[in-house]
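Both complexes shown next keep chain A, but they swap its partner, so chain B is in the first and chain C is in the second.
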Partner chain A sequence: MADRMADRTLTPVHPLADRWARLAAVEDGTAGALRLELEAPVAAVDLRVDPRGTGPDAVAAAVGGPLPSAPDTWTAHPTGIAVRLGPDEWLLTSTTADPEEWEFHVDETAAAHGGMAVDVSAQRTSVRVLGAAARDLLAFGCALDLRPAAFPRGRCAQTLLGQAAVLLVAHAVDDLQIVVRSSFAGYVADWLVDAAADSRS
Partner chain B sequence: MQLIACPWCGPREETEFSYGGQAHVAYPEHPASLTDEQWAHFVFFRDNPKGPFAERWVHAAGCRRWFTAVRDTRTHQFIGPSELTS
Partner chain C sequence: MSRVAGYGRVDRSRTITITVDGTPYTGHPGDTVASVLLAHGARPQTTSVKYGRPRGITSSWTEDPTGLIQVEEPFPEPMLLAATVEATDGLVVRGVNGQGRLAEVPDTARYDRRHHHCDVLVVGAGPAGLLAARTAARAGQSVVLVDDRPAAGGTLTGTETIDGAPSLAFVTDVVAELAASPTVTHLQRTTAFGHFDDGFVLALERRGEAARTRQRVHRIRAGRVVVAAGAIERPIVFEDNDRPGIMLASAARDLLHRHGVRAGREVVVFTSDDAAYAAAVDLADAGASVRVLDARERAPQAWRRRCDERGIPVETGTLVHGTRGDGRLTAAVVGPERREVPCDLLLVSGGWNPTAHLVSHVGGSLAHDAAIGAFRPATPLPEGITAVGAANGTFALADVLREAGGPDAPVAPAQEWPEPTLVLWHTPGEASRQFVDIARDATVADVARAVGAGMTHPEHVKRYTTIGTAHDQGKTSGILALGILAELTGRPVQDVGTTTFRPPYTPVAFAALAGRERGDLFDPVRTTALHGWHVAAGAQFEDIGQWKRARYYPQAGEDMTAAVLRECAAVRTSVGIMDASTLGKIDVRGPDAPVLLDRLYTNMMSSLKVGRVRYGVMCGNDGMVFDDGTVLRLAEDRFLVTTTTGNAAHVLDWMEEWLQTEWPELRVRLTSVTEQWSIAAVAGPRSRDVIGAVFPDVDVSGDAFGFMTWQDTTLDGVPVRLARISFSGELAYEVTVSSWYATAVWARLVEAGQPHGITPYGTETMHVLRAEKGYPIIGQDTDGTVSPHDLGMGWAVSKKKDDFVGKRSYARAENRNPLRKQLVSLLPTDAATKLPEGSQIVRFCDDGALPPAPVPMLGHVTSSYHSAELARPFALALVKGGRERLGEVVHVPVGDELVAARTGESVLVDPEGARRDG
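On to the complex of A and B.
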């Protein structure tokens, strides 16, 4: 008891940890055509900076990779991805950095160029949809053209999946990432499992 | 379902958008000097044309940006390009 009280370390828990078994069962149910995986929590910052100024290039140099310039695209940098959310807004993730350090690292550079970065690591969570049926599954609840030619690797989109606002990130033909607000994650996970059951029948 | 052209994201379904009313309604220069009637006109009175109407829209489920678009109120068709505004 004393030991437990002394240990005050907080370990991040995936918001969908309690649905892990239901998501994992989809692979067996679809004979491997579909696999739903939970992604480990990552450090994420929301970057706001004037796209016409020197800020984007400076941040790109600081994170070690280019920021996406076209609407609805993403780029990879050594430890994560950079997603263009709007004309003056990017989401930068890092799988290795500590969230506070990541915010400080990006904000330090952005602030020098009139921008700012805010830690949003706890804001969103991520589910990976893998397999040959991945795009067909999402098409059940998403109005976008998700065919590989229209939504290739490097594209992303903020849109609706079912009733939930999500960020879709295309990694490969059979590999899509759903980034969703933590409070909507349960709904999206249940929707995915339900849609996967429908797609079989 | 109707597609609305977001100036940033491109054409998206109308369910992703929210309506913001008439565009180009200027905030009074000296609000304190207005009579109640003038203030009520600023707050509540809007044009209701039959035909092209400049409106505010926000791409709520996408890039979350506000823009101004012209829509024909008879046909619901959007006319010309919409523009991003702060």
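On to the complex of A and C.
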């Protein structure tokens, strides 16, 4: 896998590459209370498999970690996370596989149980909101109860931030991941930068 | 000056200057515009909306029906209240004569919104609200406390004692305790203006000009809502009760204790309630000459004693019948004998109305309580809501503390020897000069007229008289109107019912509701992975749904027409490249994928072979086209479906709806991959050279890579899919790659195209090229009433399939009507006029003039462009019986002219399709 990566001479471009500096500047003057970071692109598949069958366990075994079964939750596996998007749908990421490998690997396992996996690595991108003021910032654009007790590590939510559909993933009290479709990423980044200034005022 | 030493909470160490109606006035931080004016014995130059009568300041807060001002500086805002606008240095306002004026300059201030979740929301930080918040906070609950005044304390003036100490010390202590609690959010200058189901409350915070955001809307979701919003004093109606100098008794007291302003020197207090005595006593202590006229036969004895001590005359059983003055008050007209009592301030009190708006917003009803002479929240309240203190009809401080504070409530001395409130709606007099709603110039005579017209329900009377519909929403007049209606219709007021309070409690600026959603953030802007390239290339963009798409790439000196002609010529003669990434893309997978697609497309998809591409049309149940696109068969059980840019989400929803609700037995899964894949369309006779150069491993010859087929390859190890799909009629390829690599692959294609002068082209050129080929744009050439047959695409409607969505509609007689509108081309016979899109089409008029109306319309122009290839303008049109009219000349009215145009086959360029293979 690593060899194949090395062969590539085409340079991938992060959907928010042009906004990296503006996002980074949000930290200025916050004394670490707020930090916005771009997530490196990861391989991701949309996994569909019958939750009542043997598929989820088979996929779990293949990726090395359980698939979350409760609504609005996620779990970690050795190379990424598994986010429950629906009763029979998960987003499964890997920071080490390349996209085609990852689709093939998960799909092969799922197919044996009537399921399937579709490569969506480039469909979405992620911004990490970090720091003590992270949840406060999101409260300016998300109607859900994101207080730590209601939205602890392990929870996720498909919701709106501003006017964009996003997937929020809670990693820690001061660490939340915004997963957004690439085409909306610029809007979300601009929204975050704009709101960050207000949230601190 | 009527600023009284030793009173008020304004900061007298600092002086500010405001300008009202061109005159500068000095005041202090903590003042309102009203308190500054009254301190100078002035009022805004304001007149009433209907009669143009002078208007003064009637109250000291949001209930004021008069006192309207227009702020000019720092930013123009109409219809605000002098009583609520905080005085800040440099503020410029003027009185409103009837109506305000919207700003003509852009508002540069920021507005935003914030969501909150809490166990308890307390509305109002008077004694009741403070105690409710403290109790909840001490129990460990999360609390949001909002209050609309600048500081907590509600109507406490500082003269009261709580637990033996001055009441404001109690306020300070509780505020400090709440501030120290990590679970409490306490917001002053914040008005809860709307209450909705499930504990959802909207509140507007006025943060001031110095703040980064001028106003903030708080969207609060609370487990429980405590309404501690206080009460509003009820006036009594009498003749000429609208004259400047007439004020609520509570307002004068508020002005004295909050701002240190004595609102008059010679004061008459007209009351039917005990509370006004406090105003009488306080104003006398502050140096005014005061007389009390009590409508009741007995005065409250403790208050009477205090009045006696101060030499305040108290007359009982005495009514104010009218007033005298010119511009402002000079005397009260008292008793049936119409005795004139000189005064410059007439204070009125007819009791108190609980501020129960937030209870009413969510369906809570109000019941008349004879004991307090007012409507209060009826029990049981809607679930999750409690009302405490004056908002619940509990007016005496001692009772309020007990009700709101529970077992560890502080105590206040009980009121001695109270007298019950006398409910008095109006005194005898000339009904047409007795103002019920001073803001609307609506009188007792107007209510009588409504009753005379047969109206008995308050909602009807409200609409007929407009009472309660002004900026104050009838905070003082609404209940008066009920009482007077009851009297006129001979019913007890409790039988009349009430109108329903609706949000907003106080006016809210649209800018505040818009919040951050303005300018660039008005609506999400969706961009492709190639957006930066388009920007750098100087593209002009157009909005397609939420997408920004490159429309054309003007070179120096080019307008759109010139740029598009150049881009079109490049594609027709050499090669162009376009970003087609915005097309909706849906991965359709599963053993039953062919079945699903056969049912949703009009044409057959199951017969498509792996490696091939088919154009497909989707129709609604009505058989009318709603989307089109290409379908690639990736495997026996896997297809990639493309949709139009603007319709992608709708098509996915449509497919999911059928799949989930009608055909759940189908083993198919749909995945949106719109952003996953970027598409570069490379089109033109030289496109084969470009593709061959970038992908040397691919045999791009026509035999090896046929039209409407696809092949997978790699570029430096990155998977790439090539498809021979053409939306221009030219030899063309779509190059699909993971969006991670879109920029890199696009750069390779552009580089390889340099020898052929590869030209980036935008959506405008795409539209022209497809129109020259007669390819419709769904949503531009169609409007939801157009079938595939109307578009000349009957070939795309399968006759072999048993069923598909829309099929049954084709059996309708109307669908076979030969006069249905059909897509044809139009060539203006002058070969020069570009017909405006949307133009109507009529029969050819021999005399060159439109016949008299009505002129039968044959159809309309749907697309119209200049064609580089045809060297003339052309159009597509939907024309009645268009297929039967081919070759016919019709007229198109353009302005005052009739432009002749010849109908023809919709395909104008390369009708035999020779170019698609290069």
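By definition in this document, the second predicted complex is superposed on the first by the 192 of 201 C-alpha atoms of A that agree within 3 Å, B and C clash if a C-alpha of one lies under 4 Å from a C-alpha of the other, contacts with A are read in each partner's own complex, and residues count from 1 in each chain.
Rule of thumb we're sticking to: a residue touches a chain if its C-beta (ideal position, glycine included) is under 8 Å from a C-beta of that chain, and two chains touch if they have at least 3 such contacts.
None of these values were measured; they are calculated from a predicted model.
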item	value
Contacts of A:195 with chain B and chain C, given as first, second, both or neither	second
Touched partner set for A:143, first chain B, second chain C, both or neither	both
Touching partner for A:160 - first (chain B), second (chain C), both, neither	first
Most chain A residues touched (candidates chain B, chain C)	C
Which superposed partner A:183 touches (first chain B, second chain C, both, neither)	second
Touched partner set for A:64, first chain B, second chain C, both or neither	neither
Chain C-contacting residues of chain A that also contact chain B	143-144
Of all residues in chain C, those that touch chain A in their complex	110, 112-117, 142, 211-213, 219, 221, 516-517, 520-521, 523-529, 531-532, 547, 582, 587, 589-590, 667, 669, 671-678, 715-719, 738-745, 748
Touching residues on chain A, where the partner in the complex is chain B	71-72, 85-87, 89, 143-144, 157-160, 165
Touch list for chain B against partner chain A, complex	1, 8-10, 12-13, 15-16, 60-65, 84
Sites on chain A touched by chain C in the complex	4, 7-13, 15, 18, 41, 46, 48, 99-100, 114, 116, 118-124, 139-145, 147, 150, 162-164, 181-184, 186-187, 190-191, 194-195, 197-199, 201
